[in-house]
Structures are given as C-alpha cells and as structure tokens.
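Two complexes are shown next, each including chain A; its partner changes from chain B in the first to chain C in the second.
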Partner chain A sequence: MTRRILFNLFAWSIVLAVAFPLFWMVVTSIKPQFELFRRPPTILPETVTFEHYWRLLKETNFLIYFRNSVVLSVATTVTVVSIATLGAYSLVRFRYRGRESLAFLVLFTYLLPSVVLIIPLYLMLVTLGLANSILSLVIAYTTFALPYALWLLRSFMAGIPEDLESAALVDGASRLGAFWDVILPQLLPGIISTALFTFILSWNEYLFALVLINSDSARPLTTGVMNMLVSSFNIEWSLLMAASVMMSVPLIIVFAFLQSYLTRGFGAGGVKG
Partner chain B sequence: MADVVFSNVQKTFGTFTAVRDLDLTIRSGEFVSLLGPSGCGKTTTLRMLAGLEFPTGGTISIDGKVVNDTAPGKRDIAMVFQSYALYPHMTVAKNIAYPLKKRGVPAAERDQMVAKAAEMLQLTPLLNRKPGQLSGGQQQRVALGRALVRDPKVFLLDEPLSNLDAKLRGYMRAELVELHARLGRTMVYVTHDQLEAMTMSDRIAIMLNGDLQQFAPPQEVYRFPANRFVAGFIGTPSMNLIDGELTRAGSGWRFCAASLDVPVGPLNDMAQPGPACLGMRPESLSLGAGEQMAKVLLVEQTGHENIVTLQFAGQIRLTARTTAAQDLQMGADVAFAIDTSALHVFGPGETGPRLNRLLENKSSETDGQT
Partner chain C sequence: MSRPNTATPLERRYAMLGVILIAPTILVFCAVIVYPLFSAIYLSLFQIFTPTLQGSFVGLENYQRLFQRSEFWISLRNTLVWTIGTLTLQILLGVAMALVLHQNLWFRSLARSLILFPYFVSTVVAVLVWRWLFNDLYGILNHLMISVGLIDWPLDFLGSSPNAMISVILVGAWKYFPFVVIAVLARLQTIPEPLYEAAKIDGAGPIARFFDITLPQLREVLVVIILLRAIWDFKEFDLIFLLTGGGPLITTQTLPLLVYKEAFALNQMGMASAYAVVMMAIMLVFMVVYVLKTRNKDESR
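Showing the complex of A and B:
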C-alpha cells in the first residue's frame, strides 16, 4: 500500500516537472505586461489578456511563418511517407541483390549527425538554385527523416503476412491493386506513426531552417519567431510565449486526431497462427 | 474444364530443393489430393500452380497453355490459403465479394452470389463481422467462401478443413465432394490428413521431401503402395513394417526377421537377396490361433473394433485389428497367424520400392527410385 502511494507520488512529481513549463508558457502568454516580472510571481494571472496574441497576429509576420511551417511540414510528411512506404514495400517483398546492405546503408546515414551534412547540403541546394526556398527545407528534412521512416515502415510492413497479398493477387488484383486494397489499410497504423514522426520533426526543426533560409517570406515558425522576438538586447517574453502556445496547437490537434487511429486494433485475426 | 500438367517442375530456395522433378498430369475435372508430411512441398507446389511462386525449372500448364509467365489473377483459379489470408479490414461479405469485384461483376449480382455462398457455408449471420471477430473454423469457412463464390477453371485448396471441428469437417468434406460433382471443376486439394485424401480424391499424389512418391487412385495407393514410405503413410493404424532379410527359396522367396520366417509371393526383377522390409496391414493379422506367439502390450478400444499392439520375438512391435468382441488381456500371450497372401515387400531404405510382382507397376506415375 505505501509502495503504491510512493509510486504514485513519484509518477505525479515527474508529470508535474514535465507539465510545469507548459503551464508557465500558457500563463505567461495571457498575463498583461506589467504582471510578468512581478515579485513574487503570480501563479495564476490576476488579469487575463489576449493582447499578445492580437499583437502577434496583427503586427508581425507570424501568420506568414505559420503558413510556411504548415506547407513545409505537410509537404515533407507527404514526401517522406510516400517514398518510405514504397521503399519499405520493396525492401520487404522483393528479393534482389544487396537488399539487406541497402537497408543498413540507409540506417547508417541516419547515424551521421545532421550538423555534418548541413554545409554540403547547403552548397548543393545553392548549385541547384533552390536556396532560400521552402522546397530546399523540404528536401533537407526529407534527407534526414526518410531513413528512419523507411526503417519504421519496414518493420510494420514485415508484420503484414505475405499470404494476404497473395490472396489478393489470386483474387484478380494487380500488384498495385493488391497494394492499395490490402497492404495500405494494413499499414495504416505504421503510416500514421511515421507521418506523426515526420511532421513533428519538420515542425520543430531549427538548425537547418536557420542556415538554409534567410528571407522572411520563406521562414518557418521556429526561426521566424526567434528572429522576430529574440534579439541581443531584448526578449519579448509575452509575445514569445503566445507564439509558443500557438505553435503547439497544431501538434496537439494532429495528435488528438490521430491517436485514436494509433491505438485502434487493426489487422487482428486475419491470418491463422 | 481444365487439365493441369506439371512437367519436370523444380523449385529451389537457394540451395534447398523444395520440389524436385515433378511430373504430374491432372485430368480435367479431377479431384486430386497432394498428400504428405509437413514440409514435403505441398504448399510450394500449389503456390507454383497459382503463380505465386516461380518454378526454377520445368513448365506448368493449365488447359493446354503454359502458364509459367501468367500472373495469378489471369490464370482463372481460386485458392484457399493454409493461413486463410482473410482481409482483416473488410467484413465477411466484402471478403467474399472481393474476387468478384476485381473481375468486374456488377454489385447487385455480386450480392446475390455472396448470399448464396454464405448460405452454403452457414455464414449468413456473420456477413457483417470482421475476420478478427470470428473463430478459426468460421474464418476457414470464409476463406472457402471467397474461393467458391466464383466459378474458376481450377480450385486450389490448401488444407481448407484443418481447423474445423470433427463434425463440421465431416460435413464440409461431403459438401466439397458434392460441390466437385456438381461443378465438375478440377480441384487440387492439399492435406496431410490421409483420411481426407482417401475419402475425397479421384487420385492422390503422395509427396516426401519434394519428391512425388506415388500418384494413383486411393484404393490403389492403399492396396499397392509404390514404396515403403507410401505403405507406412497410408492407412490407420499404419502398416506394420518389419526390417529383415530376403532369401531365395527354390523358385520363390522367403522373408526372415528374428523368429519370423514367411514365404512371400512372387517378386519382381528388382528383388535381391539381402536386407528388405516386410509390410503387413493390421487386418492381415488374426489373433487367437496360429503358429506365432506374441505378448499383448496394449489394447485400444475404438468402439466397433480393438487396436492391439503386440510384442513379437523380443523387439518387433506389431499392430493388429480385431473385433471388439475378442477379449484380450494386456500382458497376456496370444497366438496369431499372418495372412501370407496379403504381404508387401519393399526394398531397403526409407523409400525402398515395392518388390511384389503382382500389380507392382499398375500405377503409371510412380517415382520410387529415390
């Protein structure tokens, strides 16, 4: 009994430690300016204001950055998931020379720290004439999200019995038809996890965005907000917190929407054994 | 109507040979079973016929056309998979309708055909469930339904009844035989249950380690097994197989093992003095009278008959079949006689060929030389 209580206490203290910064972020974003630096600080704001949100939306480039981030993340996610799904299918279903080494080589590129790749990638993108565009970031993020996505989907794909596809082929489906009718629905949980992973990665990425983009029209939220609100002289805390809250909202929505898919029991009991 | 011809078909996985030099001609409308122990290459053979596995040698033809390079969907076959392979995200009705849908059958017609197949397989109340909500036997029936809903040239069935309970299995066996009679379609039926193969097939192809051992009608396989493996594999309880010596006796032959010494019928040209194997069915031993003595080890009562295990001449074990009326005590000694007109003689080795002269080569497609 006491062990149980102790365990609960422990778990809750961890939850609090993790949740407190988030809580503080929200609280700071709705405090009026004068209340921000009061000592002792107020836990709950005495007056609630949304002026920071207003200012952010009305007077800054926030919406442009936000749109860039959405375009960027969606494009990266779609690209990565499409390529990785087909790649994983190939790695699992077809037998060809160097299949295993290919898979390991792909993973190996993932082990390389991305910082090492940033300069070569930048130079390459400049040569291609893509520097300073959202497309350049999509390409960059794809390079480091793809290997992991490929491995993730490969293991999901390997869990789909080959007989399912064989049955579809015998039933008169083409290979692509069997893939569409049978493999994809089975792979859905894998695709969703991969999509989540890629989306979060591209939504939060900072370093590449910082190096590859220096025009306001193409900046994503991460670098845009930092650029706008953090200078060597001043940090606009309340605006920063409001921006952070709004940056988190899409992720929370995406998670809430997809979580039910992730936990729903797909694929159970289709095959004996 | 379509005949199926395997000609010199070979399948290797890397260095492992799963099917070796298979020659098999299945006549149009025939019900053929592929029978053999686990891992003998039955599924591989079926998958090659379905187009899911490429033969590494030889040709397969359906209806006179070589189909080696024909896609599975273009072969006009239907298949029940050993693993069922039901589409988990589709309802039972959708599963059964899928092959129709892929072949462009209009929706209204499709529903009718699905309803008919479901009726036959007693699946009607389950049509809206997903495969995950079905028992193993129900899943198996759905898999059957998906194959039977169409009217293809050839039906391929990979152990379709293995997961049903005894009663339903009996029912489905009769149902399949009836269906075969009605449709007159060629059916290739994989099983490792010899009773199924014996009761349902026109001919049985018995395989071992990728080699075809015998291809003949059930009665012939039972009465004139092509080699020792077939002899031991077909029949329950299985044939008694005794290793011993073959010796010449005048113009005939005798077989000796321990204290057993019996004359054996006319043998063929392959017979040589030396090690050989004697086969006798449990029903060719009669207990209670005779010149041989054995000890009763075990009496298994099945109801209408008893299966008796005997210990003979120290180490030889024999199985005999008697009427339930015969009262035998375990541990007691009993006299027995051997019906010498019903003995089988095989060469040495696991697949030692049949040596009896009578009808030894009746079946046209035997492969006992391995």
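Showing the complex of A and C:
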C-alpha cells in the first residue's frame, strides 16, 4: 500500500511539473499587473482580476484575429475533409491503376517540410492576386492538411468491413447510395477525429500566416498575438497570457468533451506498430 | 490481389467512379503540392530579388555558393544538434511517462489529459508561456532556481550561447514528448499479459521484465516513432523561430530558419530555394525509409 502511495506521489509530481507552464499561464492571466512583479512571486493570485481579458477584447484587435482564425480553420476543415473523404473511399474501395502509388505519394507529401513549398506558393498566390486574404491561407493550409486528412481517413476506411457494403449492393443499392447509407455512418467517428485534427492544425499554424498575411483584417490569432508581443513598448505579460488562454479555448473544449476522438486519431496517423 | 484481365462492364464502371472520386484530390495535390515542389527546384536555378520578383538564370551557381558558405554548415550542424537532442529527450521522457501512465494511477485519465495538452496547444501559446517562465527579472524559473540554490544570478535562458540551444531543446521536448507517450501507451496495451506472468514465474524482476519483454515488444513502434519525429523535428520552424529567432547570432539557426531568412529577410528567393532543396534532399533519406517501412506493413496486413 505504501508503495502504491509513493508511486502515485512520484507519478503525479511529474504530471504536475509537465502541466505547470499551463497552470502558470492561467494564474498570470488573472493577476493584477502589480502582483506580477512581486518578489517572491505569489503562486496563487492574492487578487483575482479579469481586467486583462476585458482589455484584450476591448482595446486590441484580438476579436478580429479570433474571427479570422475561426473562419480560416472551419473553411480549411470543411474543404479538406470533404475532398479527403471521397479520396479515401476511392483509394480503399476501388481498383484502378496507380492507386497504390498514389497512396504512398500521399504519405510522402505528409512528411514534406512547409519551407520547401512556401516560396513557390507565395509566388503563385501573389501572381493570382490572392495574397493577404483568408482564402490564400485556406489554399496554403491544404498543402499539409489534405495529405494528413487523407492518410488518417484512409486507415479509418480500411477498418470498415467490406461485407456491409457488398450486402447493400446485392440489395440493389448503387455504389454511391451504399457510400451514403452504409459507409458514411460507419466512418463518422473517423471523420470527426480527422476534422478535429485538421481544425487544430489550422488553428495553430504560424509560418504560412507569417509569410502570406500582412494586414490586420485577415490576420489569424497566431501571428496576431505574436505581433502584440513584438510591437508593444513594454511587454504586458498578463495581457499576453490572457490572449494565450483565450486562444486555447477551442482546444480546451475539444479536450473536455471529445478527447477520445483525438487519441483514436493517433492510432490511425501512421504510428501503428 | 491478382484478378483476371477480363473486367466486366460493371467493374469498369466502378473503376471509372473510383477515378472520379479521387479526381478532386489529385487536382488539389497537383496545384498546391506537386507544382510548387518542382517549382522550388526550378527557382533554385535563378537569382531572384523578392520585392520585385525579377530574376536571372544562374544554373547551379546557387548550390556551388551554398556549400562554400559557413552559414550553411553552421545551420546544418545546429539542425542536427537540435534534432538529436530534442528527439532523445522526447523518446526517453515519452517511454518513461507511458510506462508510468500504464500503471494503475489515481485519476489516470486526468493525468493523461494533462500530459497530452502541450502537444496540441499552439506553438505560439507554448512559446509565449515559456518566454514568460524564462524571463530574467520576473520569471518563475530563475526565482525557483535561485531559491533552491542552484544558481546565484538569474540565467539568460534564451540570449546567451549554449543556454539558448539547451532551452530550445528542452521546450521542444516538453512540447512533443506527449506524441511518444500516446503512441507507446497504445502499443503497451496490446502486449499480452501472460508474457509477464510467465516471466514472473521464472523469477524475473521488474527491470528484467522491462528489458526482456517490454522493450522487444516496443522495438517496432519505436522505430516508426523515431523516424516520424526525426522528420518533424528536422523541419521544425515555429518553435525555434519564435523562441530565439535563430539567435544569439546564428547559434540556434536551423535550416528551416535559414530558408525563411534568405527568402523573406534577405530577399534572395533563388538562394533560399536552393537551401530548401538541399534540406529536403537530406530529409529524403528518412522519408524514404519511413514510407518503405509503412508500405511493407501495409502489404503484410
């Protein structure tokens, strides 16, 4: 029994050490400015204040960035997941020449570094006159999100038994009818998982946003919040920590309610042993 | 998988449908990945001034100059130091943490969520938090280390030479080790329990059981994790760029940062493309090994 208690204490002290930076982020965001510079620092805030959140929403462009990030991530997710669902269905359940090679081209592109693609993409989007718009980021984000979503959905699709589809076909359903009525409901957990991953990837992306966007009206949260750090005369850490917390809100929601979908995605994401 | 060549009309119609369903994917792939990829190789043969996009053909001259520049070799060395350093920590921490979480722990699912969070949190958030922790005047890390007696004066975590690289490697390990935890944990759950019971009967202690049963069972998945993480760490941009910007001087400047700097700060797109192509060539080794490994697994399934 004592051994169990000791083990638990040991394990939990590591877990808490790993989680400490995130705890500190929340604590800093609700401390009044003067308490930040207290020595020794107070671990729990003596006075709790939400003034930084209030200022963030009222005096900065945070809400614009937030809206841009939502639009951008939703648009990327919807586009990528729809294309990838059809693509994965085709790759797993149809036979035609070049199918196998295509599947491995997908895997290959999923490993490509963004910095290789970013220069030609930048030139392309400038030539098309799309630079500095949310649309340009949606296009750029498909470069990493589509291979990722395809690979994930392909392995979810492979896990659906073929008999169900065959049975529907024998009963006279068309191929697309069977896809709609039989495959899609079965694939739904996989689609949710993939959509969550795609959303988080887009929400967190920084490099493309840095290169392609230089106006506040189209800037997403990542570069927007980083600009608040770089451009401020004296850094207001409480404000930045409040921004960090707010920026993590979608993630916290996913973690609270949909975490099993995230862990399921891990297994499918090419690390199967 | 072998099938007769006499495809029925229905099969042919199905093949047709299959091609139509994959068509959007192929179109998008060609437009945003395949074309830019070849374009990058083509651009690397030019000298291009970014603001005007005016360029002239210089052939392989960019590559010739690149290998003569000490900046390239320093960046390559930094990339290797960063990748090997952070990857080693991720694997050690990740396997250890997975073993701990595999045990019967109080509030295990809460512990797992807390461990998982750094991996999913935005790099921007992670960097802001760590820069605040690292702060030389009011940062909690310096305060803790001084009060424990580890150091006498506040450390400059990100602004002085070996410190910056060490800090970046540590933050990288913190951010990415949860990936290893989850992947290893999933594999641990599939190791058959009788293996351990048999070893116990044979008198093997916990350490012997780890080396004789757990580690051999994990070998396969660890190889895949290491390949995947090596590729991802090698190309990491956000974390290093936002923590140090490659500084002080260029002591933490890795190849992706060099490409970015050359293209968008020094405005030499051709040269930057050449750096990017060389970087990809180095990564290609790992990428090919990973793809081949996955392919073999796929076929034996």
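One rule holds for everything that comes next: the second predicted complex is superposed on the first by the 241 of 273 C-alpha atoms of A that agree within 3 Å, B and C clash if a C-alpha of one lies under 4 Å from a C-alpha of the other, contacts with A are read in each partner's own complex, and residues count from 1 in each chain.
As a working rule, a contact is a pair of C-beta atoms (placed from the backbone, for glycine too) under 8 Å apart; a residue touches a chain by one contact, two chains touch by 3 or more.
In this text, all values refer to a predicted model and were calculated from it rather than measured experimentally.
Of the two partner chains placed by the overlay, only chain B lies in contact with A:Pro185; chain C stays clear of it.
When both complexes are overlaid on chain A, the residue A:Leu86 reaches chain C alone and has no touch with chain B. Judged by the touch definition given at the top, the superposed model places A:Leu164 against chain B, while chain C stays out of reach. In the superposed pair of complexes, A:Gly177 makes contact with chain B only, with no contact to chain C. Between chain B and chain C, more residues of chain A are touched by C. In the superposition on chain A, contact of A:Met241 is made with chain C only, not with chain B. Comparing which residues of chain A touch chain B with which touch chain C, the overlap comprises 266-267, 270-273. For chain C in complex with chain A, the touching residues are 3, 11, 14-15, 17-19, 21-22, 24-26, 28-29, 32-33, 35-37, 39-40, 43, 53, 97, 100-101, 103-106, 111, 113-118, 120-126, 128-133, 135, 138, 140, 143, 147, 174, 179, 182-183, 186-187, 190, 218, 220-221, 224-225, 228, 231, 234-235, 237-238, 241-242, 256, 259-260, 263-264, 269, 272-273, 276-277, 279-280, 283, 287, 290-291, 294-295, 297. If you check the complex, the residues on chain B that touch chain A are 47, 50-52, 71-73, 77-79, 81-89, 98-99, 102-103, 130-134, 136, 139, 146, 163. Partner chain B is touched in their complex by these residues of chain A: 161, 163-164, 166-174, 177, 181-182, 185-186, 265-273.
Residue ranges of chain A in contact with chain C, taken from their complex: 4, 7-8, 11-12, 14-16, 18-19, 21-22, 24-25, 28, 36-37, 39-41, 83-84, 86-87, 89-91, 93-96, 99, 102, 104-109, 111-124, 126, 139-140, 142-143, 146-147, 150, 175-176, 200, 203-204, 206-207, 211, 221-222, 225-226, 229, 237, 240-241, 243-244, 247-248, 251, 254-255, 259, 262-263, 266-267, 270-273.
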